[in-house]
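Before anything else, here's the structure in question.
Going by the order they are written in, the chains are A, B, C, D, E, F and G; count residues from 1 in each one.
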Amino acid sequence: MTLDNYLYYIILPVLSLSILLVFLRFFRGPSISDRVIAVDLLVTIGIGIIAIYSILTHQPTFLDIALILALIGFLATVAYSYYIQKRKNR
Amino acid sequence: MMPQLVIYPLIVQMLLAIVLMFVWSKISWQRTISIVGSILNLGIAVWLFSSVWQHGSHTVQAGNWQPPFGITFVADTFAATMVLLTAIAGVAVSSFSAGSVIPARLKFGFFPIFHFLLLGLNGAFLTGDIFNLYVWFEIIIITSFVLLTIGGEKAQLEGAVKYFTLNILASIIFLTAIAVLYGLTGSLNMADLAAKVAAVENRTLVQVNALLFLVGFGIKSAVFPLYFWLPASYHTPPSAVSAIFGGLLTKVGVYALMRVFTLIFDVDPFLENVLLAVAVLTLFSGAVGAIVQKNIRKIFSYLVICHIGYMIAGLGMMTEIAIAGAVFYLIHDITVKTNLFMMSGVIYKIKANHNIKKLGDFYADYPKMSLLFAIPLFSLVGIPPLSGFWPKLSLISAGWTTENYMVIGGIIFASFVTLFVIVKLWGEVFWKTGEKLPETRNFPYFKKLTKMKKTQMMAPIIFLSIVSLYLGFGAENIQALSERIAFELMDNQEYINAVLRK
Amino acid sequence: MMTDTIIGIIATLGTLFVLLAGVGILRMPDTYLRMAVTTKAATLGIGLILVAAAVYFNDLSTTTRVLAVIIFILLTAPVGAHLIGKASYITGVKMWEKTLMDDLEGKYRKTGKNISSPRNMDHHRDEL
Amino acid sequence: MLTAILSGFVFSIFLVFAGKFLKGKLAVLSALVPLALFVYFLSFLPQVAAGEVIRQEIAWVPSLGLDLNFSLDGLSLLFSLLITGIGFLVFAYTAEYLKNHDYLDRFYGYLGMFMGAMLGLVLSDNLLSMFIFWELTSISSFFLIGFNNTSEASRKSAVLALAITGSGGFLLLAGALLLGNVAGSYDISEMVGLSSNIISSDYYIWIVILLFGAAFTKSAQFPFHFWLPGAMKAPTPVSTYLHSATMVKAGIYLLLRFTPVLGGEDIWNTTLITVGGITMFYAAVHTLFRTDLKGVLAYSTISVLGLLVFLIGLGTQYALTAAAVYIVVHALYKATLFLITGIIDHETGTRDVTRLSGLRKVMMPVAVAGLLAALSSAGMPPFVGFIGKDLVYESTLEMGNWAVFLTVLAIATNILVLYAGFVAGIKPFTGPLPNDFKKVHLPGILMWIPPVILALLGIIVGIFPGIINDSIIAPVVNAVGMEGSAVHLKLWHGFNLVLGLSAITLATGILLYAVFKPSAKKERGIARLDFIAPLTLITNFGHGFKAFSNWWTRIFQNGFLRNYVSTIILFLVVLVGYSLFADQNEIPIDLSSFSRMTYYEMIIMGIMFLAILFVVGARSRLTAVVAMGVVGYAICLMFVIYSAPDLAMTQFSIDTLTVILFVLVLSSLPKYLSISDYRMKAVDGILSISFGVLITFIALEVLGEPVNKEVSDFYAENAYVLAKGKNVVNVILVDFRGVDTLMEISVLTIAAIGVFSLLKLRLRRDDRELKD
Amino acid sequence: MEILLAIIIGTLYASGIYMILRRSLVKLIIGIILLGNGANLLIFLLGRIAKGAPPIIPEDSKVFLDAYSDPLPQALILTAIVISFGLQSFAIVLVKRAHKVVKTDDLDEMNATDEYS
Amino acid sequence: MKNRFLANLLLTFIWVALTGGFTFANILFGFILSYFLLFVITRGASKARYFKLVPKLISFFFYFLYQLIKANVQVAWEVGTPKYHMTPGIVGVPLDVTSDGQITMLANMITLTPGTLSLDVSEDKKVLYVYSMYITNKEDFIRDIKNGFEKRILEISS
Amino acid sequence: MKTIILRTASNYMLPLLLIFSVFILLRGHYLPGGGFVGGLIASIAFVLHAFANGLGDTRKLLHFHPGFLMPTGLALSFLSGVSPLIFTGEPFMTGLWYPEHLPIVGNLGSALFFDIGVYLVVQGVTLTIIFTISEST
């Protein structure tokens, strides 16, 4: 089994499965915090998928996207938690 | 001949917008720069127009990339005319704004935005690239959102929500149409598209594509049944804003419709029927709406809708004479609607009211001003030989030759209602003894304004009235111009050659 | 071939941690537990996967970029977890019934419109 | 001739600036303008009488076929002389009538404008330029009727008059354009030669209907007559000038002018006879029930207009001669009566016939003029009216089977017209002088001389009909396509049937005048029939139409944004759906060209699909926003998979920023609004889904079409070679299509300014737009 | 694959319109964003999609050696995304202001400007 | 002054690494760029000292790695087995570290090791509140942290 | 949000993000990135700083109103578009290139200045919008 096949038939499906599991949590909630955590994790796993995809397509360029995701995905989390607190204050 | 001239109107407006942003809070600078710049722009527009008139279409390839790869700017007679009209309306409204818009609004970017709007209009007229047209449209709508809401009054905001939603919807439909067009042809250059669309074998898709453009531009042109945003919003911003909106915004939609349906798509019988049905219903709905309104600006708003019907009818009949009529009407309408909304602004400054039932006394108190206002009012009605009359000759005539009796009926109905509405308005606002309106403290009444401000407000009305009179009495020239435009539109080969340099 | 094997192993490890996070977030009974389980597992997992990519491309600029991503994740993931955790606590997200102790209980005091940190001090910033 | 026409307009414009000077004593000077014109037109009399047609052609808008082509033939000359001649008297009369009036200058301005327009109308040979002047007469009439603009009744009448004549004007426009298209020219003189072609054209019926519409409204034919009594709100000089002598005859002029072009057909004659006949009788009957002098005169004017239409309808040589004569006759006596009424009104302050009597004792010259005019209107020999009436009977008697009926109708009408003339011209001056009129005196000479002149002219022309026969009447009859020499005007034809009929008319009329006294009670009596009067019907129709307008406007512009959106989407779905599914039985979708589905793509799409549904179904705003984030991130992943790294980066950054914006704003918004109306949700759902399905189908069908990559290939080949960049997307953004980008950042800038002003700008209370 | 993408695009359009048709201001904006995404993806799809071939010329070459995906739709979408962002930010703030001034989230209560008589 | 210089060098290095171009021009550009950025953002004096750090940093790194893997295994077992064995709770850990940087570092390290999560720091910076999945004994837990991460952080940053 | 942890972290992240944004900006002509994404990242850096430290601190850090970046950036992009018109008489937006190859940037041309303009405008816009909104709540 070549590396490409291994990544394509084993790694990527497992990562996709993880994404599905996380998405299920997103669906179920129940609290908004759970959803935010789930989204955060979705982005993180997305970084992983992009890394694998860049290996599969031999395109290091995609790693730059992973970089951006890592950099600013965080800000969304900050914003959500800001909002959650602020809403409580109202 | 100087092809670079084509983008000078864009450069001037962009430069003005940027400079005005740098002098953000210096109101008197802003006023001066805007007026002087608008006059300069008018000069350039006249230059461009006369150059195009003498030498034919001018084109510029932005970035020096040969078509269809770069973005092309084309000044054919139609575009040059629209740019000239925009410049004329621009000078007028610039001066009117300087006189009438309150300092609070001027301190928050009124003038830069205004020049961005003019930039967007010029761009939309001059571009020869369909996606670039979308971008110019976006410039126009975002500026119009800002101008519409500037000041944030309750009515402004309520109107803006509707205006916003429906215009965004139009943009999205436009974008959808571009997607389909690109998917079918792989090109965006309008001259190039003319050939490529003709070569597409799946005519159903081409028709679907055309319909998407029709609806997208139709919303922007405020035709039936897509006009709802207009009566909900046009009466809410400052009159200077209503003036430029009423004069030019819907006309860009009409311009785009005319461009796309003469250059890119053939009008097949189905489309023709759709266009004509839309035109007749627009004439009807706008007219009927104007009858029941009491707010002077709402009356004009419905008349804006109503009169779009004439132009769509001209387009729908698709003969050279019909298109010439539509173009003439477009020229007339821009001048007169801009003027009327400015007029309503002066009326408001005098009486602090827009309700025709409460207004009155103008003829007694301001006889000369009333006579002046009569010029745009009766031009609008099309009392011969004023400007609104001439295009109807072509349109009705085309109606007879193409045997579109419903269109003739619609035109006559709309003309009659316009006459009735304006005459009623004349009676209410100018003749009647008005209610004694309570003096509102600190309202910047006309009589309290400085002479400078009064001049800034009245001069543009006089200017546009003179233009209107010229359109009427110099109708031969305008008709010749309209016919030349119609000829160029109907025979799009010249446009294509000018762009693709074949 | 050797590199491929290394890449395969690192990637597998990473993926397992990610899967762990996925299962964890689904299975854990309360928000705090989910957070405690997942953020880190995923961080480690993604870090490993990225390392695998770095090994695969094996050039300086890719490696530095991969390092940058890892550093960023290491820096931001815990801060994010902290923020959500704190927000959840303040907004009263329920803890699992078998929770043993809560030293934070009663530490947040309402002061006007804002909830401040525990043992509230008086100085006040203009917050975003 | 252009100069002549323009002089009226120039005079008006001059008054705008120099009106102050022409108020007061100098006002009478303005009468010099029509006088000069009268003399000018009089000078053409010999030429025209000799059968010459004087032409002048000035190109104006040749590309629309609209030129100022004037021609002066008998018909035009007759009208020109009436317009300028009566104009002169009215101008002079006005100087006294409205002495010291604040807006005298405006009044003269309108009069001048009207005179110019009217001259233009009758002199135009080009149908379109004629239309222009036609409309201008309506407009000047509007201003004159509404001259007392503070009175609501005046304004209403002005609007009503303009609405009726204006709508007729539009019919004329449509008709003119059709006629021009059919004939290939707008020059009436050319159309005469093409008459047979026009008549045989399919459009003939349309042309006739449209022209009739114009003529009937302008000349106040039943059922469009009602604006004319209303127009009596205008000052008396206006009633005299426009609404009896000139403007209302424009319709008559039009019919006469087009008799040689369109006449001679059944539809032409029958319609005119019917409408004219009804009008003349109906209006004549109405004179019996009026107590306002001007009301009496208005209805008798309508009646005469009906008679003229009737005569044109008869279309024989006699009839047309009669019409020509009657135009002169009517102008002379009716103008006199109106002017007299004006004097009475001016001096006594009332026009109520029931109150007026004995005024001869205080204003003898006026009484004489009134008597003369009344006798002329009665058709008493030797007045010119007698000649006119004779000719009428002569022509009705020619009409074969219908002769008796038509003649009786004519007689009945004439009797009633006589009655009306007597009521207006004789009644106020006879009998005792009431006490409150004791102090009444003769007005200034400028007011009483004009009616006296007109009345005298009536008798002079009657005694010497030859004055007008060869010089005017014959050329008129020639102009309308008949040989004019056959009928010679004379007072005395010998004892014949016509004379007998005249005698019956006179006798019955005088008897009627003696027996039947006008009274307010009678007026109220006929008012009971108002519910079927055309005015009422039109008014009701107007109200109905307004209600309909209201309904229609509210239906569409109902204030609910969601309705606007659904209407637009429905319109789109129906149109596009029809176009997509009507022509083709199945959508040609070529599945084989699509790429293979992979599990990870399916998972991402699946997540995205679910996330979209989640957004739609979310109960809380934040949940929706978070789910939006998921949708965005899924799109980002999709961009990665489909080779768009720049897009993925941008999409992700922008989604994050949007989330931040939402989060900053959401907290100041209330809880998510959710109104559970299942029916509405279902309807919206169906509409939305059809829209979505349509887009999907379009997309799939487009994908089956061949691809043209000429443009993208150029970018790919030249991005580095010519534009020195390797990221082709970025090269496109900053170079190939840099203008887009420049404008895109402008959009952003504008949006930022908008946000800034929206949030920071607070108007002070004084700066606010006031509520209407 | 295209068929799934086409369905997703249809779903975005449908849900966008559906959200706009609700009466809530916030839903209105969400609807607009969904529609915008739909339109962008439509351009993307109709420009034809390709996997693993970003339109970036390889480091050691002056032209493309392998297949590349169409860069033009990507540039167009980028422009469209950015423009939509500008419009959306304005919309969000507009809604905020409108809510504050008109004091309702219910679009059905925002119809004063269409009233007359 | 020194700190700024160091930070400047650090940023220059990052720049060079990112761009991958070890040329003089690139380094100079990176230096100027980071100088400019620091100029833009620096306020007040910063306190870190850099030179004794390296060995301690390396040791710290391996300690952290050890903790990370250990805890991950623990969590994996928890997640992978059907029954729950957690004894979670929130513990207030008194702090010896004082500076913001140290506190942040400590808190992050704690969060990054699975099973624990720093929830908040008290306003007076004396107590760190940590959520943990496994608390058998509060004092043991506190001691673990203080002897583990906190001690090492104090070492590398003093 | 008053948390020491976020505040401290953000102080480290700000320079990193900024330098990264410039990196993304400059390499855009060759690899994914460019003025737009670069500008977004830079503004996100400041927004993060503002979240952690409060708006006032971020404002002080910036020295000037972010709105000022908008006309500046627009002017830069606009001038780089107009310069061919002024200097060489070629059409608007024609690329002007410095003949030598430069490190990092590669070929220096008007396109770069154009992109820098985009970078500035995007920052100006994003920061103006976000700061204005947060000031008004």
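The rule is simple: a contact is a pair of C-beta atoms (placed from the backbone, for glycine too) under 8 Å apart; a residue touches a chain by one contact, two chains touch by 3 or more.
Source: prediction; values computed, not measured.
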Each chain counted as touching subunit B and subunit E at once: D, G
Maximum centroid distance from subunit B, chain identifier (CA atoms): F
Closest chain to the centre of mass proxy, which here is the mean CA position: B
Higher-contact pair (C-beta pairs counted), A-G versus F-G: F-G
Centre-to-centre distance between subunit G and subunit B (centres being mean Cα positions), rounded to whole Å: 36
Subunit A and subunit F, separation of their C-alpha mean positions in angstrom: 23
For subunit B paired with subunit C, centre-to-centre distance based on mean C-alpha positions, whole Å: 56
Length of the line joining the C-alpha centres of subunit A and subunit E, rounded to whole Å: 22
Touching two or more other chains - residues of subunit E: 20, 25, 28, 38, 40, 42, 45-46, 48, 51-54, 56, 72, 76, 78-79, 82-83, 86-87, 89-90, 93-97, 107, 110-114, 117
Junction residues of subunit B, two or more chains touched: 14, 17, 21, 62-63, 71, 131, 135, 138, 142, 145-146, 149, 152-153, 155, 161-162, 165, 169, 176, 180, 183, 188, 231-232, 236, 292, 294-295
Where subunit F touches two or more other chains at once, by residue number: 14, 18-19, 107-108, 118, 120-121, 123
Pairs of chains in contact (touch as defined earlier), listed by label: A-C, A-D, A-E, A-G, B-D, B-E, B-G, C-F, C-G, D-E, D-G, E-G, F-G
Residues of subunit E defined as touching subunit G within the complex: 54, 56, 78, 82, 86, 89, 93, 96
In the complex, subunit D residues that touch subunit G: 645-646, 648-650, 653-654, 656-657, 660-661, 664-665, 667-668, 723-727, 729-731, 733-735, 738-739, 741-742, 745-746, 748-749, 751-753, 755-756, 759-760
Subunit F to subunit G touching residues, read off their complex: 7, 11, 14-15, 18-19, 21, 23, 25-26, 29, 33-34, 37-38, 40-41, 43, 100-101, 103-104, 107-108, 118, 120-121, 123, 125
Subunit A-touching residues of subunit G, taken from the complex the two chains share: 1, 6, 17, 20, 31-33, 37, 40-41, 44, 47-48, 51-52
Subunit G-facing residues of subunit A, complex: 61, 64-65, 67-68, 71-72, 74-75, 78-79, 81-82, 85
